[in-house]
Amino acid sequence: MGEMALKLTSSGLFRRWLGPAGIIVLILFVFFFPRLMDKQNIWNLFFLICLHISMGQSWNILAGFAGQSSLGHAAFFGIGAFITRTLWFDGIPFALAFLIGGLAAVAFAMLIGAPTFRLRGAYFAIGTLGVAEVLRITVSQNLPFISTMSGPLIAAYDLPVRYYLSLGLALVTTLAAYLLLRSRWSLGILALREDEGAAQATGVHVLRHKLLALALSSLFAGLAGGAFAFQQISYYNDAPFSPLWTFDALLITFIGGLGTLAGPVVGAIFFILVREQLALNLGEVHQAIFGILFILIVLVFPGGLVEAWERIRKSFKRK
Amino acid sequence: MSNLLNVNGLSAAYGDIQALWDVSLEVNEGEIVALIGPNGAGKTTLMRSIAGLHRPLLSGEVTFGGTALQSLPAYRIAEQGIILVPEGRKLFDGLTVLENLEIGAYTRRAREKRAQTLQRVFDLFPILTERKDKRANTLSGGQQQMLAFGRALMGLPSLLMLDEPSLGLAPIIVENIFETMKLTNEQGVTIFLVEQNARRALELAHRAFILEQGRVAGTGTGEALLRNDAVRKAYMGYAPSEARIT
Amino acid sequence: MSLESFAQTLLFGLFVGGIYGIAAVGLSLVFGVLKMLNIAHGELLMLGGYVSFWVFNVLGMDPFASLLIVIPVLFLIGLALDRVVYRHVVRLVGEEKIKNSLLVSFGLTLVIQNLARWGFTPDERTIQVSYAGAGLNLLGVTLPYTRLGGLAIALVVTVLLHFFLHRTYPGKAILATAENWESAELAGINIHRVYMLTFALGASLAAIAGTMVITTYGISPSVGILWTLKALIIVVLAGTGSILGAFPAGLLLGVVEALSGAFIGQTYREVIGLVMFLLVLILRPQGLFTRH
């Protein structure tokens, strides 16, 4: 995976596939298409896709680029949602609440980051899962009720605004990932993924690079949580802390292609569209299907759709 | 003397890196055959390939008393009567000396006779009797080598392979090990030995092969190779003209 | 706090700890031998509970007797899962293996949980035996039969497991494979069969825990991950080098939780375990009961 992903991460997949014209068309599409259709389920669908792009991309920064597979991603999403919601309901202007929510997620991440990063591989994954679950259980036990928007907030509810927020977030997250790869930090971070020991031996300040990746990862996951809190009219307080959010981020990234820039985007689109279809037809069981798909991808096709696409392209080029 | 082990044109690789090229050798029943050569020559790879730990092979055949081994997994090969004492001993550290020995007699054939074999191993290595309920990782290096040897003997091997048995051991222990190998061989066990200590190996062995950079570079009787100048210079640290210390 | 209520709390801690211990030993066995982390362990526990539930309702069998059916069923499920899924992960090495086993079992968790929710409905199920409220009364302390039976089973199973692992050849093969799989193969042990057997054994142990859980707490499709986490915490506390050490570690956690619940407050019972876990992970990663 390493060689392929390095090529894909650093070359800017979008540029190779679409060219600048293609990107402009894509951006115009996502801006105007939902407005054109102006149907609630289209707005919601696009919102979900963008939300999941942010979740996938943020997990990808930590796991795909820096090689730290965290299973506690939901913690950041949950904190962002919780703080944003609480502040916003208390009267603080949403924009401010939104930003503070994201920063709160980063603060939390920095707090647990230093100790948990001392753990390697499996222990890190379990440790992060454990932390996320502590959070979820604490919230679940102390606030076991549904959080609902007040009357005035519902009256002022504007779905398009929510969508454009999540669209903006998805764009910013992807841009941040892209810039990270072009920054002077990129080599250090990617080196962590390949071989942490070797990276340390060549002078890479391991902890600093890990914390940077973690900061970005938690920031965007937290902001995604804030977007969720903005959009959902009511939900159980512990819902944004559910490990399902972590799993979705993992699934999207793996389907699309771990460690690539386009992976989470492609994966999110695929995942949401297929999920909506399956949920319609199969109801409850659709998650089981995704579970099986995930297992197949991990075992058989770890490069995901992006790698599959690359292989097809290459075989065409030879002809 | 019949051909017990026959290796024919064996090639093996680690991913893209080839380690063995077309290696052919044979070990006759009742012999002690040594394999010497520099570090990284592929001696351990060859041992592991014969014992079934390195699979799949690029090419070649390994036959043992008529049975083809090259596609068999390691546990099947152990059932055939080939037991490998791996490099670095690789004992079951958390288990006791006795448990280590008992597991050595796992195969059906060995399990039947295990009480007698155990007694023989204890006679051979009295120190193991004393420490039989102690954990394997509390033993000294030499004792661990004895345990590894004993564990292999519990499997009732017809061919005993040893990879660097003298590695990291004090000279007096090394002597002990070599004595034990000689004794075991006299009791009817064929021995195939990889050794860094070329001099002692050639003194003990009936025949030897030299492996360099994954290829067989030479063969001969133990005595002949001991006297060979090129071998002496390369593996025993001196040429005839430097034998005298001024 | 009176002596009686302290003793009562302590005993209840032991009762719960027995369940924890059995749940953890199963996970510890799989991790120690296959070197894989099975996040779906809790789902197997949940399935065990459900089998016990259906056996109780359909055949009218006492949950303790139902183990005769629960254990083989989950044993077979374990065999199947190993053959179909985990066999492909076991082949890998080191970091990649552990990472992949986490991901694959994470996926499996969702599959099983979802199918259970669809098949069994999300409702919580419990088993109420005829002797549910009754118990022994010793020196002012109550020992309910259900809990006592559970702890007894846990102890018996642990002793049997110890005997199996150390005194029978299949058991010794498992221990050897856990120590060094290459040397085990060189001794003539078919490690693929060992892996399959061990995984199935782990599933059976989870099932036993599941039966104990449904008679004391209750089971629903979503409890799986909570039990996996509990078992993981205990495995880390005990140290991964000691398979059976997970049992006393489970008892310890049960007692600590019960005591802190009584002295600090019930809401913090869950959290104390997780805090202990994180502390051990950071300060003494080799665990409390390992020698190294």
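List of remarks:
Lettered A, B and C in written order, each chain numbered from 1.
Following the convention adopted for this analysis, a contact is a pair of C-beta atoms (placed from the backbone, for glycine too) under 8 Å apart; a residue touches a chain by one contact, two chains touch by 3 or more.
On a predicted model such as this, the values are computed, not experimentally measured, just so you know.
Between the chains A-C lie more C-beta contact pairs than between any other two chains. Distance from the centre of subunit A peaks at B, each centre being the average of the chain's Cα atoms. When every chain is reduced to the mean of its C-alpha atoms, the one closest to the centre of the whole protein set is C. For the pair subunit B and subunit C, the distance between C-alpha centroids works out to 43 Å. Here the spacing of subunit A and subunit B, counted between their Cα centres, is 54 Å. Put simply, the C-alpha centre of subunit A and that of subunit C have 33 angstrom between them. The touching residues of subunit C, counted against subunit B in their complex, run 166, 169, 172-173, 175-176, 179-180, 182-191, 241.
The touching residues of subunit C, counted against subunit A in their complex, run 37, 85, 88-89, 95, 98-100, 102-104, 106-111, 114-115, 117-118, 225-226, 229, 232-233, 236, 267, 270-271, 274-275, 277-278, 281-282, 285. Subunit A contributes residues 69, 71, 115-116, 118-123, 125-127, 129-131, 133-134, 137-138, 141-142, 243-244, 247, 250, 254, 283-285, 287-288, 290-292, 294-295, 298-299 to its touches with subunit C in the complex. Remark: subunit B residues 51-53, 73-75, 78-79, 83-84, 86, 90-95, 99, 102-104, 106-107, 110-111, 151, 155 touch subunit C in the complex.
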